[in-house]
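Letters are used for the chains, namely A, B, C and D, taken in the order the chains are written, and counting of residues starts over at 1 for each.
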Amino acid sequence: MFRLALISTGGTIEKTYQPRSGELKNETSVLDHMLAQLELPELEIERTRLMNKDSLDMDAGDHTRIAATAQQAAEVADGVIVVHGTDRLAESGETTCAAGRPGAPIVFTGAMRPYELRDTDAMQNLTEALAVVRLLAPGVYVAMHNKVLRFPGVMKDHDVGTFIGGS
Amino acid sequence: MFRLALISTGGTIEKTYQPRSGELKNETSVLDHMLAQLELPELEIERTRLMNKDSLDMDAGDHTRIAATAQQAAEVADGVIVVHGTDRLAESGETTCAAGRPGAPIVFTGAMRPYELRDTDAMQNLTEALAVVRLLAPGVYVAMHNKVLRFPGVMKDHDVGTFIGGS
Amino acid sequence: MFRLALISTGGTIEKTYQPRSGELKNETSVLDHMLAQLELPELEIERTRLMNKDSLDMDAGDHTRIAATAQQAAEVADGVIVVHGTDRLAESGETTCAAGRPGAPIVFTGAMRPYELRDTDAMQNLTEALAVVRLLAPGVYVAMHNKVLRFPGVMKDHDVGTFIGGS
Amino acid sequence: MFRLALISTGGTIEKTYQPRSGELKNETSVLDHMLAQLELPELEIERTRLMNKDSLDMDAGDHTRIAATAQQAAEVADGVIVVHGTDRLAESGETTCAAGRPGAPIVFTGAMRPYELRDTDAMQNLTEALAVVRLLAPGVYVAMHNKVLRFPGVMKDHDVGTFIGGS
């Protein structure tokens, strides 16, 4: 049984539709609904709902808090996944990386299109993160769009809408 | 073969996701994609893309233009469907109704949640409009949420998110 | 409030996947799951699970039982929908029709592809039946693939996979 | 750019619905449709449609042919994925493993429920295989249901509907 710490912070992946305003906002976590659709027979998941923010609204304190929570979880779990908005994911990743080599792999993931949309990369990215966290050596990574990149040095390519770089 | 005039004006039903801004906007028509999922073996559809507007952005000129286009289509077609934003659907419906009894049924429809969402009322409402337009007597109607209401006197119930009233 | 009697008899529309055998069979009713996805604010549904059969397995007794149940329901309800396998739907429809003019519209519907498939006509057909049953005069009909046909005289066109004929 | 050889052999994952017989069969490959839904920006895929069989219909010659094709692909590609029916996946995996250590990772995957169903493990398993093939050392594996198992010694647990064992 692999013990996974799953930390949610919000971001596009978790945005839901508000019928009155017609906007997509971070109000409720859709992660449980996503997890229920996957076959995860030998995975023990401990969920931490740290915050539910569009990452554009995150400040330095948020990045520090995310890094500390992830590092702490990596002391006891076999692997850690952090679900995060892609706009500031690299900042949280670098902060986590600068805090030292973790006790287990810490994998950031997110999505360019909310899970609530028919056509979304949310399930792909969560599925990838859940698969690779079981294989990676301790370190800080982003898993998204079929790639695993290792911090430091990861950046969002805003033109293409994916991550590049890493070490 | 039933000849249907299908007039699209935009509204929530047709909103699509803009990955860069993270917003849902009226940019491209998704109606063709929706129609392709339905079995419509004896229906001849003539599409008119009149406008692609959030109905909150419509003015009196838009309502008049929609009414005139629908009435004109009802002169030649066996039935007319107008896809419309729900916020100002009643205004366009009343304007169409005030222009006189049409030559064929004119059925307005729309959605509270965009087709692009997994959980949407768009397919239900379009399916209903396509089914009932073949049965109704000439007149102006809204078909949505399993109900057919006849103008004049139809109003949007903003609390429940559906239409009420009618004659 | 429209009082609907919804009678399920099985058929392709309700077939579910059996992982061990890899077959699609009539084991559990998926109608409740389908209904939960529709907005039906002013509909009161009374469900009768009469049988859950592939209609190819129905005999004369089944057709008689279905006709009697539908006619009886039409005495008290404002409308009746019978969900039925398409292969023998016409037999049940003719039997119901031969039993006399019902007290309310009786609408048969079904599907060529099970609801469990991604690409299915099940939601379209159920949505259509639910919409037109509120508009039709007392009589016996099939509603499917955007068409409403009236018994007697309805037949399945096996080549095209839809219904034709009617009076 | 990662060069992937993707070999399809059929199995439940690729079964499609035959409206006339009402059965799920291996007739056309749905893999291209599945791949089109994934974001795979730095993956170069070479597709080989080796066969399209329910694996229960495979014989020793088929297993040998699959093993030879996979081993040969692993000489030139950076990774190999074999899409396979789960019933005889272990036989093909063992045959591939017995042929020697390959030049690149060879990852078998499949599904318990066809992609054509709404509720399927096909996308999860393909997504996992595509993610882990980029990380694994040369060897023969099965990736499915969030787990990666290494041949020899992998078996299908028919009661649970997943794979266990491995070395």
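We adopt the following convention: contacts are C-beta pairs under 8 Å (C-beta built on N, C-alpha and C of every residue); 3 or more make two chains touch, one makes a residue touch a chain.
In this text the structure is predicted, and so the values were computed from the model without any measurement.
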Response to the item:
Note: among A-D, A-B or C-D, over half of the B-C contact pairs reappear in A-D
Worksheet item: Comparing centres built from CA atoms, which chain ends up most distant from chain C?
Response: A
Discussion item. Report the inter-centroid distance (CA atoms only) between chain A and chain B in whole Å.
Written reply: 40
Worksheet item: If you average the CA atoms of chain B and of chain D, how far apart do the two points sit, in angstrom?
Response: 46
Discussion item. Using Cα averages as centroids, what's the distance between chain A and chain D in whole Å?
Written reply: 27
Discussion item. Where in chain C do residues touch at least two different other chains?
Written reply: 112, 119
Response to the item:
Pairs of chains in contact here are A-B, A-D, B-C, C-D
Worksheet item: Of all residues in chain A, which touch chain B in the complex?
Response: 12, 15, 17, 19-20, 22-24, 54, 112-119, 161
Worksheet item: Which part of chain B faces chain C closely enough to touch in the complex?
Response: 37-43, 112, 119, 121, 123-124, 127-128, 130-132, 134-136, 143-148, 160, 162
